[in-house]
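Below you'll find a set of structures to go through.
Each of the next two complexes has chain A plus one more chain, namely chain B in the first and chain C in the second.
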Partner chain A sequence: MAQTNKNRRGQMPSRGQTASRGQTALSTADKIAPVILVLGAILSVLGFVLAFTIAPPVNGARVDGIAIIGDQMVGNQMLFSQKIFYFHMPVAITSFLALGVAAFYEIRYLMTKDSDYDLKAHLATEVSLVFVVMVMFSGEMWERFEWGVWWTWDPRLTTYFILMLLVIGYFVLRAAVDDPEKRASYASVFGIITFIDVPICFMITRLVPSSVHPTIFRTDSGLSTEMMIPLMCAMFGMLFISYGLFRWRLRTERAQEELDRMKQTLDE
Partner chain B sequence: MARSVQVKTPSTFTEYKILLGKDLRREFRTKEMLTSMGIYSILVLVVYGAALSQSSQGVDVLQMSGGLLWALIVFTSLLGLNRSFEHEKENGCLDGLLLVPMDRSVIFLAKATSNLLFMLVVEVIAVPLYFFFFLTGAPVSDSWPLLVWPLIVGTIGMAGIGTLLSTITVNTRGKDVMLAVLFIPLIFPLLYACVSAATVVLVGGDWQTTYLTSLALAGGYDVIMLLLSWVLYGYVISA
Partner chain C sequence: MDPILEQIYATILPSAPYVIAAYALMWGALLVYVIYATVRMKKVESQIAVLQNTLDKATSTKTNSDFAAQTQEVQDESESIKKK
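Presenting the complex of A and B:
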């Protein structure tokens, strides 16, 4: 593993660089991160408000032509709980993307053994956990009010539930290893395997048509323009929020690292 | 006496055979894994006996058989996988293995094969016992011999992922729980497919389509996971 050692030494200058730049010089990404976070918050709120104002109420669950839910025809009553959808789906897509970003950094870590990638992968998974929990929470409300059950082993629900367990498992694994290098390698490998569940979860409504989840993410989604606008607002809002959170956490972690290094220098 | 020393690099297959032989020889001498896994599987059956004692024997149990059988296999495998790397840590055996200039994936293949063999041996004992205890009076479909395929496909996948994960967890704190935390969610799709395939052949009826779809799903999952574990193994074991 001579290569590993070389890279481990190679990573030191990059850390030193960050230190020499100090607090005054922030990278462009760090500078725009708060702006993006605020923009994301505004867009999400806008999407949320529009979902209640311009989006028409929906007959039953007839978003995509699925009429039989839980072995019974859903009546023609206007379903208010469908509004959860404008929140639920953007958050779900964002959680998938965050996990994809994490998987990318995990692969980069295994290629380079640069601990910065491990940090980024860790933070991206952290952000994705927030979104995964939000998806489970909003999905749970939807389930209760629209399908009338607390839980059903529907294919997508099941695969998403597993995804949540895997993401939690990632953090349990990190907490159980002391050596930073081992922790980074193990977590990266586990994160990459975890990512396998993302395409499965994404594709399952296409593979198993009996699923109660309609296929929304396609060119002819069956959504009217009035429904599309709040959806897109919320979608971009959530994506911006996730990016903002990620950069913010990264900045905090780097500042913490620098502080630790300063303390160490002072002790010496 | 100045004879040149001939050094012949063994082929990858020879390395594989030697590593596998080491694991099997160790097991034949100590019988550590097989006895613990075998006894554990019988104990799970005893627990099932109590758990199912209030259900009407026969049809009820038959419907659940696929699931119960796989629950038994998952928990028994967890026990075996947990121990599979334990003895490699003793006396620095793993460090010795890593000093040998060979491809790391050979270690993975050998270890996965030995785990697979142990799990299959335990299944050969546990599955007939399950039939003996719970299904002798049940209207089992004639297609029951096809149960073999989901068992084999499922066990291959579990041995593959389990080997990778147990290599990770052997170095962590609280390793017994850690393996379960990582292993069970990861094999869930495989488990789901295998349970549905096992159930339809036991219950009978119109089973062909479900059986083949489930087996194809399980097989696909096996291929993806085994390839991924094989590729990633080097990073795990030399970390």
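Presenting the complex of A and C:
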């Protein structure tokens, strides 16, 4: 009989699942999630447009003279590749925060053994993986043009690469363990260990001054208002999108569990 | 073109393919995930709709058979009363 009460992942239903059993009404978070997702998409598009319109180009190497462009004296090369930065950094910060959220739910799972926390941690890590991949794609393109190589073992790149491997490892671990209770416990511990790399990765450019990767996230970053507006649009856009996607996936997975319960009822 | 301007704009065109590729890959990765989430949601919703339909049919069939059984019982009772 206990078997019939277990959910799709083979775990006992959580308090949230038991309470929502038979209910089709959406929670407030589920109701506002699509709005936040759309708002995130609008902010991202706005950030993208503003990055190429109002944000001025960054100066590169000095040239052999001065030219007047738009009533301004210009004596340096203009770096168009810097436009990648307007999304590269927000996406990286989003991946860090998503892993932080996952770590929070993993700690909650280990404290309570509530399978709903395991589900949330799993989905937060899933969303973070998407953003990690986006960071790697954008970083690779910038690196190939600016540094002339596809890869270099710079401290920031190395720690982020390790982070990506750990996040992939999280899913490999989940797929490798059959017992649901053990899978959730092992994955939670592994997820917390993964999160340890986040502050290391964030601080590494400060800890290792020889790092060629620039330290952007600082109070004296030198970004003008025209640069900050698209950056903030992209930042909040990506954060809103990640939250919207997380809630969307959570709703789907909970619906899947409801479906499995209905199938069990039909079988009985 | 002015040689100074040529130097100033020297990196613009060569870097354009990398900038375009960076944004295309980023949006592409996000789009793939959105499509995956949509497909999964649609699949679950359609399965729930089919199952709900089956459950409703099963329930209504059960209700009809219960009603028929009750009618039969009443008829049997009235028959026995008549005989008495």
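Just so it is clear, the second predicted complex is superposed on the first by the 228 of 268 C-alpha atoms of A that agree within 3 Å, B and C clash if a C-alpha of one lies under 4 Å from a C-alpha of the other, contacts with A are read in each partner's own complex, and residues count from 1 in each chain.
The rule is short, and it goes like this: a residue touches a chain if its C-beta (ideal position, glycine included) is under 8 Å from a C-beta of that chain, and two chains touch if they have at least 3 such contacts.
Keep in mind the model is a prediction, meaning the values are calculated, not measured.
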Touching partner for A:84 - first (chain B), second (chain C), both, neither: second
Just checking: does A:192 make contact with chain B only, chain C only, both, or neither of them? Give me first, second, both or neither. first
Using the superposition on chain A described above, determine whether A:141 touches chain B (first), chain C (second), both, or neither. second
Quick one: classify A:255 as touching chain B (first), chain C (second), both or neither. second
Which partner, once the models are overlaid, touches more of chain A's residues, chain C or chain B? C
Examine A:158 and indicate which partner it touches, taking first as chain B and second as chain C; both and neither are also allowed. first
In the overlaid three-chain picture, which partner chain does A:130 touch, first (chain B) or second (chain C), both, or neither? second
Using the superposition described at the top, list the residues of chain A that contact chain B and also contact chain C. none
Seen from chain B, its contact residues with chain A in the complex are 161, 164-165, 168, 171-174, 178, 181-182, 184-186, 188-189, 192, 224-225, 228-229, 232, 235-236, 238-239
Under the stated contact criterion, what part of chain C meets chain A in this complex? 2-5, 7-12, 14-16, 18-19, 21-23, 25-26, 29-30, 33-34, 37, 40-41, 44-45, 47-48, 51-52, 54-55, 58
Provide the residue numbers of chain A that touch chain B in the complex, in ascending order. 1, 110, 158-159, 162, 165-166, 169, 172-173, 176-178, 181-182, 185-186, 188-190, 192-194, 196-197, 200
Chain A contacts chain C in the complex at 48, 60, 63-67, 69, 74, 76-81, 83-84, 87-88, 91, 127, 130, 133-134, 137-138, 140-142, 144-145, 241, 245, 248-249, 251-252, 255-256, 258-259, 262-263, 265-266
